[in-house]
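Both of the next two complexes hold chain A, though its partner changes from chain B to chain C.
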Partner chain A sequence: MMHERVFGSFDLFVLPFLVGMVFVLLFCLFGLLRILYQLSREERLKFYASLLNPANIIKNLKDIFFDCLIHVKLWRRNPLLGYMHSSIAFGWFMLIVLGHLETWFYIPERMELIYYPIFFRYFMQVSGTTVGGALFFFLMDFFLLVVLSGIGLAVFKRFRSRALGMKRTTRLTLLDYVALYSLWLIFPLRWIAEGFTAGVAGGSFMTVPINMLLSSFMKNPENITIAWWAYSMALSIFMFSLPFTRYMHIPTEILLIPMRNAGLKVRRHNKGYALAQLYSCPSCGVCIDACPMGLHRRSADATVYMVRQFKRANQARSLEIAEKCLMCQKCSSLCPISIDATELRLAFRSRQKYNILPDFQYLKRYLALSAEDDSAYAQAQNGQTEENSSGNPVMAVVSSIGSKVKSIGQKIMSLGSSSKEQQENIGSEKVLYYAGCMTSLTPVVRESVEKLLKASGVEWSNMDSGRSICCGRPLFLSGKMEQARQLVEANSEIIHNSGASILLVSCAICYRMFKEKYSLEGVRVMHYTEYFNELIKEGRLKVKRSALKYVYHDPCDLGRGCGIYEEPREAIERAGHLVKAGKERKESICCGGSVGSLALSYEERVHITEHSLENLTVNAPDCIVTACPLCLTTYAKQSEIKVEDFAQVLVENLK
Partner chain B sequence: MVNFGYGLTPSSAVKIIEGEDKLYRKLCEMEPDVKKCMACGSCAASCTAGDFTEMNLRKLILSLQRGYYQQALPMVKNCMLCGKCNIVCPRGINTRHLIMSIQKIYNL
Partner chain C sequence: MTKNVVVIGGGASGIEASRRLRDLGYSPVLVEKEDHLGGHLASWNRLFPQMIPAKDILKSLTSDMKGIEVFLNTEVISINRLKDSYVVKFSNGLSAQVKAILITTGFTLFPAQKKQEYGYGIYDRVITNADLEAWFNGNKDKRVTDPQVIGFVHCVGSRDEKAGNRQCSKVCCATAVKQAIEIKEKFPDAVVYCFYMDLRMFGRGYEDMYLKAQKDYGIRFLRGRVSEVSEDINGRLVVKADDTLLGKPVKISMDLLVLMSGMIAPESNMELSKMLKVLPGEDGFFSPANAISNPTLSNRDGVFFAGAATGPKTMPETLSEGRAAALEIDSYLKRVGD
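Up next is the complex of A and B:
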């Protein structure tokens, strides 16, 4: 029981949609070619190869389904927000798919007309008395209801975004508004248009009642085409504005996901893979609430605005936004698209031109020097620090020799006793301790780490007790990659010459640099939270539990940067009672001292620190613990309660 | 004119040539905070590069203000941008950005 209602299966009203659709398809094709052209040869080959890999294909399809259609990350953030996005995306997708299925099912020869499945109800009259027909009618109306409920939520969100878990939303551009309103209009208009034809072409629980309710108006066949024209026009306006608005994320994300899964990296801030990232930003505004810079005023420096300025190629504003960022990565860890905001900024920073570039040739002289009289220099330095800490140089030397003898003794003991755990026992490995630049402003960190190392009796030496070379991360973050490499080389040489198998780092910033940018073969880079937690587990370091309430601050580079959340917490839990911060782990708030920001002023930093401290002290802890010397200095300046370093806490609670 | 028995000596410290002054003024435009510097030397005392080289931000700023930039500028090549000077600065000057601006504006 079905036949085509319209002779020639064409009506003028399909034209606006058709032209809009062709425009979007051409634009996307052009954009795709442009992005592929901008990739380097290796990147392109890597991308194509990954498209042929079956495991990757499955992963791509899975990611596209869960990220683009279901918006899993938004569901996790706020169920209502998740429902809003997935109802529109998945609902619309299902409407399109069902339209095509219906066409294919009833009149396959019309599949080649792109507009036909979209306006199927207008062209075809199908009986709802068969099971298949009734099912199609029901599903179409069901998904229309799903989309309409999503649109309803979207309208509601415009007025009360807090109910959907968003304090602030993005300031849209004029074109964004055009696209937004046309998108809102598409589905009510479709409902009305299908309601008009429901009397003649059939419908289900959504379309038939509206046809009956407004029967005197809707039964008039002259109104039918007007309704379908309106629907087609709304679609057309949306299609024509799509490439220039945030809705470009819909097609681009389908490209971005395979590119990311292929392992491509951002090189230029607005070329190739980065361009795919820019166009994938849906301006949802999750990054605005996430950004620690936008706490006291409406931030114009959040990632969503950076993306906008990068797209517009506004150099001055782009630079401002790129240089201000703390690089704490909170926005990208919460971003539903996982846009590499820091990588994009870094790429922009590295494009800056400087007349005078740093040159660290002078370090070579230092390296040659230290290789010659390495031991003498180190001993002199060790003696000096001992003198400072104990106040009695003779006793200090004696005790240091004592501890060395003890440690060697223990090493022999451990060699003799344990055979199985030999390889896993990190306490018996030779450790090189690198404190980092920032630690020289907080000597308590170094002192505490040294005390802990002595207490656990491991064999260790200092890498930078005297003069030290920066790890290179600040240079890297300022976009001076080549200069950072010089420092990496210099440090690598020192580390390899030391013969140590563990590089112990007490600074989160350095740790990330060593982990990501150094290739230290045979040397395991460990953050002191990992290392001391391990030593406690092995029983080499014994701590007692105090009655103090601690709160732990996740340093950006350690938590979001390197994924270390558990180790410090485990260790602190043994030394006292650990309370929760307002927001922690992935959502921890940067202390405000970050070396990542180049242009943030002192006053702005103070505000960020203030807010970060408020967040840490919601559960009234006695002491704030952090595992980064920079966070320690920053907090200590402003905190009303005690701020201590991780190692300091362990030292205080040593058995 | 009354002779008081003493006279004003011409300043030997400041020797500003027009071109050099122009650069300094440009620097002040980009980094207004540079005028806040009170030459306390905290930056120089905490400097990582200062352990190896002549790098001394206090001296550099003073030299730029006085127009002796050819002698002082080479030291800006040594900076590792570690940011300690930024933290210790009692005047809250963004020293890292200042150094980067100097690297941008001036030429050796």
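Up next is the complex of A and C:
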């Protein structure tokens, strides 16, 4: 009933596959070692430790199953797109598993031959008349059908990608095409090859009909080897091209997931963990539609192309792409692999050499000096109408430091001391309000925040009225990590000295910086949307509901950056009627004003703003509300309808 | 056939062109959307560099309006083109069939509140050049009360791509110098600053006015842009700017800040251009067919321009163009045969 058809369990046609498979395995092994070698010692230890943690192991397996095989994120995006990917991935996976199961079931001694389970039907004569045999035949055919349906969709997607929820798809490289077409060929060829065995031994609902359909071809026994050779060749071409194409994501993602779960972070843009990220990109092109820069044409600056240039080590193009990005993070939030696109860009930016770098060491001296006395400052302030001081440290560095160090130092500190005075008056919560540079350029925001604080009876002190130190995020985003750190230190000291328990921030950009890059123990960093929503809920701030229709824009750094979507909406709902934007929350479109981009031209920004406004006004709101001073100024320039700040809306609807 | 010509916009060039057309024997219809003639001239106080009262100029312009049909509070609703003439419908219910239309729609001032960092409409002591002229004209303004330190910010909304206007408004530099002198005359003890990018003193006598402002009036000219304006506890303004000559940032406390709003094209230009099928330029102002040889000709037969409708201009330029347009219309109508 069941016996090996081929003496010695070998045939020449397995060679292309075998060589290809060995090549891929060696390449992956080499790649793995390279990535592990590039990790720092701590990272490596952290990674190994996480691999031993049972909870982590379960999470890894779960993530690998749902992300690599089922593609859950793509299902959420578009069911057809999800089906296409999971049918090919999961279907193929099942074909391989079933092949091995069959081998193990019928002839376990052949398990050591890696080609055997793949070409099992050729080597083994199995009868479909037993229950087990019929079941295997059926399952194999079933999953072959699943894969073929996926391939069918993939071919269809080449022509009508919109039907699968993608306006634009990736421009592939030549090798990508080679791999793509060989992948498409593998399964029809397998179908035909197994059609022959269906004639000799048996098959199921796929293989039997193909045998009958192509009976004239299938009847000729000489064609058997041709078919199996073709199948093996298609596999081989795919295997050989795999390491140099987007299909490298298949093995790499299995490494990426445990690395991410171990808590590794991107350090260098193309080394270690980042390299695993680069190779995990499947070039699916979801980021192309997501990118706000690619409105009118196919953006050549989307993350998928950045990954490609980083891999190719094309310095000039890499720099261009890395610097142009708005850092709005929409691509990473939609990416099925969750590639840290902004982190990769930041890592690249931080390696750029600049001729002139600001140095904020003097801030330390200012802070130290100012502890001594602040009477000199008061004197200086009263007696002068004109003063050459530096509110902005970026500007201050230009002016000579020497003689001015003392006076400026005292000025900055007067702030710390004034808040000390107020400490005694403040009740249980000590609110320190940091407006930031952008709020200083949009005075209506500061004014509204102060009105709201007054209306709710909160006692607060200003951290940066008059003299302010930047939060550091613009420097951080331009890759000047050391300079950013100096500002972080100076601000941290001021905040700690103030004895504040809440740091209130009205700028989404600063907020993210304080949240992510500051360690302010004992201080609750709150965005004003969180804080005022809390005050409204507690009844300390009373607003009435107006008849106006508002639409809320999620600032990138607040929404995707810090995950704050609900608080501003809850508060606006109480002040008026909230309508939906076309795309919002995770998919909100950057206003175009982002400080994240270092190279985007003004014209390009104008287009992005225009598109973003169109998206916001689909439901005909009376007013656009945003919670970031930069979005506010950007929209106000171009919007036909009223644009207001979150705090402004609350002030207008105060009871 | 009537010998009517429709003139859209009752500012200086519209009035001047209408008068000249009348003198040439036509019956112009002058349409003005406001309730008075004169446009911006009517709200200005004195004109540089001779400091001639605007009132006098407007008075002499409007002294003899006989033979001119003036429609106040009226706008153009539609314009239909016939074979060789236009039917213009007005919001007052009347209409006219004419062979020539003159566009003298002028400019509007850039809304200074769009540059929020300067705090117009937010802080109590920030005003615009137009507000200051109104105050010179005797209108009360709480914001101007015995200022000790006064600042003028040049180029507010002009030469500012981020504000959507790349063009230079031509007259604000001279206007700022003029206003700085005038306010110094009113408050001799005040310290007056001008924050400028560069000073475009192109006309005869302008440079003299600038030198006089420095020598005789002690006005301090500071090259650099204002970065931000805030208010201190006492309600005084704190102005931060960059002194690019000294290479240093400065911070000055002030009692009054005057924003030199630039000239931008009126929004109604878009409507009008659709009706007439003459395309405005990127900046919203109308583009003459040949800006050098004859700036009053459009690319459409029978449609003419004069004054600031084709871009920022000084008062003498505007008036000359009004006259030139009248002559051009006359020769056009004679050519096509009225």
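Operating definition for what follows: the second predicted complex is superposed on the first by the 589 of 655 C-alpha atoms of A that agree within 3 Å, B and C clash if a C-alpha of one lies under 4 Å from a C-alpha of the other, contacts with A are read in each partner's own complex, and residues count from 1 in each chain.
Criterion: a contact is a pair of C-beta atoms (placed from the backbone, for glycine too) under 8 Å apart; a residue touches a chain by one contact, two chains touch by 3 or more.
Note that the structure is a prediction, hence the values are computed from the model and not measured.
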First (chain B), second (chain C), both or neither touched by A:S440: both
Partner chain in contact with A:Y366 - chain B first, chain C second, else both or neither: first
Partner chain in contact with A:T103 - chain B first, chain C second, else both or neither: neither
Touched partner set for A:Y602, first chain B, second chain C, both or neither: both
Which superposed partner A:T633 touches (first chain B, second chain C, both, neither): both
Contacts of A:T207 with chain B and chain C, given as first, second, both or neither: neither
Partner chain in contact with A:L487 - chain B first, chain C second, else both or neither: first
Chain A: partner with more touched residues, chain B or chain C: B
Chain B versus chain C as contact partner of A:K353, first or second or both or neither: first
Contacts of A:P474 with chain B and chain C, given as first, second, both or neither: first
Residues on chain A lying within both footprints (that of chain B and that of chain C): 440-441, 466, 602, 633
Chain A residues within the chain B interface of the complex: 323, 352-360, 362-363, 366, 437-438, 440-441, 466-470, 472, 474-475, 478, 480, 487, 593, 595, 598-603, 630, 633-634
Residues of chain A defined as touching chain C within the complex: 385-392, 395-396, 398-399, 440-444, 446-447, 465-466, 602, 633, 636-638
Touching residues (chain side chain C, partner chain A) in the complex: 114, 116-117, 119, 122-123, 148-149, 161-164, 191, 227-232, 238, 240, 242, 247-253
For the chain B and chain A complex, residues of the former touching the latter: 33, 46, 48, 51-53, 73, 76-84, 87-88, 92-94, 96-97, 100, 102-108
